[in-house]
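Naming follows writing order (A, B, C, D, E and F), and every chain is counted from residue 1.
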């Protein structure tokens, strides 16, 4: 069974060091919960994990094989859910979903799209165009995407935003099922999501003390 | 491959449902050409003399303006991010979106062009070559434009900036496109010009998706 | 000497050519110096307004850390 | 500038080079001007207008040289993400645009007496004009983003795409028959130009090169300072 | 009155700080004109014949494109809402923003035009009239364009839609502007054309701010 | 002293009836707090009060004089704070603020701009360009705008979004002071803002009964 791990990760955004010296490891059936205040780098870490952001230092690997050696294999193994819902206003929910299921390699895209909508408790929106969906419905559609096509590792950035209690419960069930089948999950959150046996990663532990040391040094050199 | 075609099909469907993207590009093309008789004066032989050039310049501008939003919507709603994480290579994504865009906006231009040629009093000998050059030339315009659209993604003042970047690169297409028509009108063979246009297309076909994909990757960081 | 300035009747072309070149090169140099100067003074002013060094940035420290007015200089 | 790309070393290096390059620029340009205006003979065909050549040709060379350098830096910036490479391209662009402008204007001023027109739409002239627009487009693109790094990365891609124009400029005189004359210095089989004209040409070209080095170093310094200002502002604003 | 000038001053400051809004419009203008010799061919007398029309058409398009975002930023960041709630009448707001826009983009066009006339081999007699017509004409373009910019606020595909609405309204300006230059080049007096242009300006000056203000009020609901 | 009142207000957005038959009255020193779930019409009511939205029915008045009879007088009496902060990224905080103070008729705009920034606890951002400001700082700048130039009635739409506790306390002080000087306040909120003696207005009381059947109906129509 595969293990996804990162070692000595450093992330730089603009000229700002977001985190440094960060290690993590996710084995089959495990879940990693990213915690930390606003701006501590949860979204950044998830984007690094997805490969959307290159880490400045450090490396990601699957079973010891670095991700840059097999980027296609990495992409085939992950699902990423960000802040944006990628819902086209002129396509119906099922059309939206079928496209992504197809791209993700589902054998019967339309059937699995309908099943996924059902699983998230919104079968009735299947033929409603995206523009008429409420924020919560859009979010459910986006979460349906990750079960419409299979993938080992789910990377979820604040997945429960805009969801009501009933939807959160469904979603927690989805995660438990995925983990029971040997899947892996990394998610960030500000609220409580029930993920029994998950490991917590506090991002603020890796945020550097921010000394202006280097800048001042450079300045002194300039003056000299 | 089938996923490539799926993406093309989705973009076509979006364009058709969204309504009038195609119509607006072709209407801009027509309006732009129609301005010239007002600016230059209505003398038929002058108009005929400049017809090829004017139609080509208008095609350039129309293609430019409609390309502005090629990746914009997918970028803003997060689809582009997801596409870049799919197993479809980024180059294929760029190519698919460019192809769909050309089908929606380039083909109507080709259809409308002979009409405008009549309007500008162009000799009938030129019509065939006009359509031919546009058929080879507008895909090149779409390809080159896709690089610009990717580069200016997320920039302030997208539209005008795009034109500044892309118009210089369009110039060779314009030269050979209008040149072929002029040659035909003057009784010469347009073959060399057409061959050069074909060469440009052959060059742009691998280069533009590569550059566009590189630019998109930068934009998504 | 006036022969020299007349440039064999082509003074109207030769001298503007040298003039434009001089103008562009000197202009670029001056503009460069100006931005360098102004951004250096901005930097000095910014640094002068921040006496504290190695101040740890903790999320709760934001409210307590003393802040002084920033530089008077606009964007470089 | 972040702590991992050490600009201090660059600053030391540039302070070491600057006085030399500045001095060389002054000396070379004075010598070059003396040669080109006083000690070289008028051409038997072109008369005194040939003196425009000592500006025109070095400027034309520089316009290409600077662009190629920028494109190389862009490639380095994209591949190794070295911040100095990005900054180099950004700092060099206005200088390159300046040389291109000089080439265009002096060419026009030369064309008026020689060809009887300020401007013709031939391949050489046109491709230089496109080069000028490429420089302007690059500068506009780099400054069009709120995040300066994003701008520089987009600019790098543009520089690499625009490199196709360089061989077109260089060989336009050979591929198409143009009014413009073909190469006589940088060509296969060595220069065919007379020594009395070659010397001032080369001296001016070296003078322009050292000028370019000097100004780019200064601009790089300014860019680095500006990056520092921005970082400080950002941290200050974010508390 | 002073608040009107404050608004103009703020917009000018924004444009200058924002960098190259002005430069980009004028560069598009130049590029657009430069395209024609490539399209039409380099023959000097043909170019001279169509120079006036081409320069005017390019000015139209440049003004159009740069107007696209006239109210956009203020709309998106909520400033427009606050301006509409200030005691400055909405008509004055429109006029102030249009004036600032013209100063930033229209004036550079007027300055660049003679240079382009040289490139296109126009006779030197035309230069004065060219500058004169542009000085009267570009404010009209800005005024008319401001109506379009207000109307398309918040619509998808602002750019192309705007051009469809506005280009037909630009045509009279084009006719009189290019007509005046042609008259001057043919040794006739450009006076009647210039007077008509002046009349258009006198008409647009009260009408455009009124229509623009009405459109903005709709957009803000 | 003036009284601002609305009677029998009905608001229509698109084809949706947001609220109907709504009356309110704000006297000198009084505050009105608008409450209600998402989509109940709080923002709509504030926009109606500001004059940004025409009510479908009903009317607003100052001391019995209808607002449409004296729109300029109405605009001179109000300050509106919406969801957008109207901060120009290229102008410094004090430049941004000075412009609005000037437009609002402050006697010495720059001085009152600086004083307002001070009052909101952010004097140090005066010369920082808008683009470097965090969400919370932008919000404070926007709130500084309403004390940089005087106005009788403040219309505030969720004013404490993005503010931390310290800033909320400052803001509550500002409101108390404004009311003590005879000013009037109408504000909407999802959280707690201390406004002693304020009247509450529950917007959902005026929302017409809204059945959820329409989505399912649409689905059936599409399928048919």
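Note that in this section a residue touches a chain if its C-beta (ideal position, glycine included) is under 8 Å from a C-beta of that chain, and two chains touch if they have at least 3 such contacts.
A quick note: this is a predicted structure, and the numbers were derived from the prediction, not measured.
K.L.:
Look at the interfaces D-F and A-B and say which one is made up of more C-beta pairs in contact.
P.N.:
A-B
K.L.:
On a CA-centroid basis, which chain has its centre farthest from chain F's?
P.N.:
The most remote chain is D.
K.L.:
So what's the Cα centroid distance for chain A and chain F, whole Å?
P.N.:
36
K.L.:
Just how far, in Å, is the C-alpha centre of chain D from the one of chain B?
P.N.:
32
K.L.:
Among the residues of chain A, which ones contact at least 2 other chains?
P.N.:
As it turns out, chain A has residues touching two or more other chains at 54, 210, 212, 215, 219, 222.
K.L.:
Give the residues of chain D touching no fewer than two other chains, as numbers and ranges.
P.N.:
Residue numbers touching two or more other chains: 126, 133, 136, 140, 144, 146, 225, 228, 232-236, 238-239.
K.L.:
Going through chain E residue by residue, note those that touch at least 2 other chains and give them in order.
P.N.:
In chain E, the residues touching two or more other chains are 17-18, 24, 27, 31, 38.
K.L.:
Okay, in this complex, where on chain D does chain E touch?
P.N.:
So the residues of chain D touching chain E come out as 117-122, 126, 129, 133, 136, 139-140, 143-144.
K.L.:
In the complex, go through chain C and note every residue touching chain D.
P.N.:
Within the complex, chain C contacts chain D at residues 4, 7-10, 13-14, 16-18, 20-21, 24-25, 27-29, 31-33, 35-36, 39-40, 42-43, 46-47, 50, 57, 62, 65, 67, 70, 76.
K.L.:
Under the stated contact criterion, what part of chain B meets chain D in this complex?
P.N.:
By the definition above, chain B touches chain D via 147, 150-152, 154-157, 161, 164-165, 167-169, 171, 207, 211, 214-215, 218-219, 221.
K.L.:
In their shared complex, at which residues does chain E touch chain D?
P.N.:
19-20, 23-24, 27, 31, 34, 37-38, 42, 44, 118-119
K.L.:
For chain E, which residues are in contact with chain F within the complex?
P.N.:
For this pair, the touching residues of chain E are 3, 6-7, 10, 13-14, 17-18, 76-79, 81-88, 220-221.
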